[in-house]
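Next, two complexes with chain A in common: one pairs it with chain B, the other with chain C.
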Partner chain A sequence: MQYRTKYNNPSVARKLTLWEKLYIPEVIRGMITTFKHLFRPKFTRQYPEERWDAPASFRGRPVLVMEDNGVERCVACGLCSRVCPPLAIEVRASETELLKERYPVVFEINMLRCIFCGYCEEVCPEEAIIMSKEYELSFRDPSEGIFGKDKLLVPKAELQERLDYLAKMRN
Partner chain B sequence: MPKITIDGRELEAQAGQTIIQVATENGIDIPHFCWHPALTVAGNCRMCLVEVEKTPKLQIACATPIADGMVVKTLSEPAVTGREDVMEFLLINHPLDCPICDEAGQCKLQDYAFEHSRGESRFVEEKNHKDKRVPLGPQVLFDGERCISCSRCIRFATEIAEQPVLTFVHRGDHVTIVADPDMGFDNNMSMNVIDICPVGALTSRDFRFKARVWDMSFTDSICPGCSRGCNIRVGIRNNEIERLEPRNNPNVNGYWMCDHGRLSTYPPVNEARIEGPLMKDAKGIQQHTDNDAAARKVAEELSKYSKDEVLLLGSARLPVEDNYALLKLAKEKFGKQHIPFITHIEGQDERLLLRADKTPNALGATLVGCVADGHYQHVHGENEAKKTVLELLRSRKIKVVFSIAGDFLKDPQLLEAFEDVEFFATCSSNDTVTCRRADVVFSTSAWAERDGVFVNFEGWVQQLRPAVATKYFMRGIDHMHMSRLDRFGSPFDKWARGNKRNAREAWRMVELVANNMGARWKYLHTEDLFDEIVKMVPDFKGMSYDSIGRLGQPIATKHGEVKEPIYKEVYQESTERIESVGSVIL
Partner chain C sequence: MVIEALIKIAIVLFVVLTGVSYTVLVERWVCAWVQDRIGPNRVGPLGLFQPLADVLKLLLKEDIEPLMAQKWFHWVAPVISIAVAFSVLAIVPFGHVLMLGNHAIPLTIASGINIGVLYIVALTSLGVYGITLAGWSSGSKYSLLGGLRSSAQMISYELTLGLGLLSVIMLSGSLDLNTIINSQAQGLWNVVRAPLGFLLFFVSSFAETNRQPFDLPEAEPELVGGYHTEYSSMKFALFFLAEYANIITASAVMTVLFFGGWHLPFVDQLGLSSLAMTIIGVLAFALKVIGLLFVFIWVRWTVPRFRYDQLMNLGWKVLLPLGILNIILTAFEKIYLIA
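Moving on, here comes the complex of A and B:
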């Protein structure tokens, strides 16, 4: 049995007027709408040439904050790894002579698993892992999707906008 | 017998007990830091405050002896407030170190801060700063800021380790712990203070920062470091052993284990493993092969020689099941009633725990019918003089050797005596000197990768449980303990793919060889072999893996069911003899 809606139910469907039945005027009305939009400001972006600069609140790929002395803030506590819903983060800690005592020897995020939820940023006690503005991620091989410290470490200066945003939101 | 009431429950108690003892025995948890059942009472953390009726102030449960008719309230308002105040006080100078602290996840202070604290501090001043990385001894590091001055480690050093080198110095909130600068806290029990430290003030140099507690799975097992067989828990992460910690068994080791067992028994499971069965080709170079081909070769070689030219070697490092399987092969195919195993005796018995005999199952191997080296010829042929394995090899009668463990050729004399052996097959889990000499090497499971039964020197039958997954032992299927990562990870995760060794129990290799020689053995699991042992060997009468359980049980002879403690005497006698011979001590 066909499911009855107001469109296939002749008793409910609106009857077309003579003007509408003529068809051509309605086509012209549609074309007017189309041409009107040709002269309006464009929303389309010519993507590869023209890139979008995300606002500070955007959650792009998670990165590790590198301090000015070239050392990561991370103390390898493993809370990001614990909270990560898809188990994308692996941290292996070791001892350092620095004041922070502990640092990550291995810090890997499997970007094929990452769901950009931002829990890692929220749980981090050191504000060491934060969400960046970067959203372009494509790989030719699954193993390329595992980002190590080399790809994750980003100088603090480049992340200032997000750090300011976090400071603002936390207060 | 005095009766006391705790939280409305009337409890039977014994005179002289303290409130916390009675409460713990009856499953009532009174929060505490400094009290430990195996140490004397210090009463300095003040965490176990309870309200005792008819006393004007709150009392500490750890140091208050019970009296008949005493009424204790642990949940009344004054008691709860008192504990909250104590927590606030302890947290005044405790740093917010949890992210980098190894204790996080198993920390008493962390747990109690959640359960028994207001969650807020009124303290706004700068916290006290103390030294954060002070070595107390070769294995133990001390973090002064984290210490809550419970004195458990000081009491342990004095009472249990009997090396009173730790003490408090300074006063008030500047109090800290130091070790004697000349001696240091250096003894074979030192790492137990890390376990009993209620906070993360004492950390292990070996384990420091290796893994978070919540990422590990813990499996109850037995330490294979000496014939004591301490009960342990094996901490695993990414299918590698990260640390061992003691498990309370009052019959065997109490709350403790020694540093030797803790540090030296797990690295061989993680490192230097052989990757699969090996067989020498025509040129004498070891090539990878499979178990079936290797077993065919061994069976072929074993059949070539007469029974006097064959030497089958048991091992006290392997569970009773493997020794039993090899002995069964010796009986069925070579008509031998006993096979020797080489003992590993180093140093002296220590006052606590560590034994001179560094093998976990010497008594177990003896019980199923193996004989500690030295009695081989004595038992086997009455006419010949007593000969050790070494003397036997030097007599050049032995042409083929099949051993179930590959760890005995460390001794250069024994290696030299092996020159006349025409064919040598061994089972081994590690790449050792023995393996390099062997014509056929079977890759076998290490102690942490398998089931099995060890019998310690006092006759306690205890059970190994698999903690590390292999290609043949899978976490999900074989009911092994699983960490969060194991449970929720996918088959594509690193820890699920890599690191799984191609290793099986040694008795399976013996079974393969036997079946290639015409036997028809069919054991599916190590437990099947144990069930057979139970029927054959009176000392294991009525036992099963279930009855042994987590805490073990004594051999039947101890209960007087079977009045033939002959094996134990044989073992002790042979041990003494080996010590006097000296040359075969490895």
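Moving on, here comes the complex of A and C:
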């Protein structure tokens, strides 16, 4: 019985030489290859001990940028909440005496919903919500998955790499 | 006499069962290294307790019996597999005679059997019943296909296995394993005297033990798990055990038939005591078996699985004629070169 596949189609397949048709020498050649691989350096990362340092382009969990005076950049315009495909972001705005006039009283991201698409970062006019490098997210209870301002606010200094990357890529 | 045999059985069973679990570990290591990964290294130092964890896991699993299964055959199939795999070891001589004072203990469980080769051939043929019954009695299409494949494959390759064996029998003129080893100790190892016979035996023992590249009865991408799809818990573990026990048995038999068993060249000229000779013999045997086991694993992670038609073509159109040619060549060798 002959199956029609790419490999026995004469127009595609290469004709095997007699040496290759003998099969055993080719098997031995393959075995030499695999034997060499026994001693190659391994690719495996020993995860919990050896962690991956993400590059600046990595989209980890979204965070809010905290300026040096301890106030978030966010002006609670609600665009991120509007654009978020899985409806994970909730923003409740209020007024403030500061120059920016508006600030979010409540800013919550449901991390069980978040799909790490980065639309919130892209749409934000103030560069106030950006994607961080954090990829280790696990919860014991669904309620732990809702991150409020306490967890979202990260000092600007820690996010400098991503901010530089954004500045570079946007211009 | 009986106690002696029982002690030997206990020792051999212990060694082989430990060997099986560690073969699995080594298989996983070699697999990982070939693919540039690290492999199991978490359970205990270097992952050496991994087999214990595996066994514990299998023991604690629920034993599921499918509704459509033939209960009795479903239960008896793994038992047949494991029993056959272990009983071949009864006649494998893993060393020469151990002298305790004036008392000679032959290092074979069932010593003095003069038809050892026949016993091996008969029992390895029985192994197919375990797999075929498992496939049929599970009442599942995947299992049935696996079982059918295995019976076709084993019947095809048994011929080649027998023809490869025949050259050994012709060269040593005996069916007794000890005589075969002695004839190799006096002359050359059979792997040198009958290389084609060894190749045939080697290739078909891959098919007989359902190993890659001939693991069509399992063929996990096509048949889920083949004949053991519907098995779980210890019944599955028995099949698993039988597979690896078969590999160890095949390596041991190959060592005896083609690699001179416990014989190492030039050691008998060193003038060591008989006890030292026996220990060296057992170690040499173990080393040869381990080497062959490694080759089994090594081939598995190198050669891709054959297609079913390729398997049958290879068996009937290539290996069988080669086997007949091998007999003629061996006959010439026996008449003109050795005699």
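Please note the rule applied: the second predicted complex is superposed on the first by the 136 of 171 C-alpha atoms of A that agree within 3 Å, B and C clash if a C-alpha of one lies under 4 Å from a C-alpha of the other, contacts with A are read in each partner's own complex, and residues count from 1 in each chain.
Note that a residue touches a chain if its C-beta (ideal position, glycine included) is under 8 Å from a C-beta of that chain, and two chains touch if they have at least 3 such contacts.
None of the values given here were measured: they were computed from a predicted structure.
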item: Contacts of A:G30 with chain B and chain C, given as first, second, both or neither; value: second
item: Touched partner set for A:V75, first chain B, second chain C, both or neither; value: first
item: Partner chain in contact with A:L137 - chain B first, chain C second, else both or neither; value: neither
item: Contacts of A:L153 with chain B and chain C, given as first, second, both or neither; value: neither
item: Partner chain in contact with A:P41 - chain B first, chain C second, else both or neither; value: second
item: Touched partner set for A:V83, first chain B, second chain C, both or neither; value: neither
item: Intersection of the chain A residues that touch chain B with those that touch chain C; value: none
item: Chain A to chain B touching residues, read off their complex; value: 75-79, 81-82, 87, 90, 93-95, 100-102, 125-126
item: Touching residues (chain side chain A, partner chain C) in the complex; value: 1-3, 24, 27, 30-31, 33-35, 37-44, 46
item: Chain C to chain A touching residues, read off their complex; value: 30, 32-38, 199, 298-299, 301-303, 307, 309
item: Chain B to chain A touching residues, read off their complex; value: 98-100, 104, 132-133, 208-210, 212, 214-215, 484-485, 488-489, 493-494
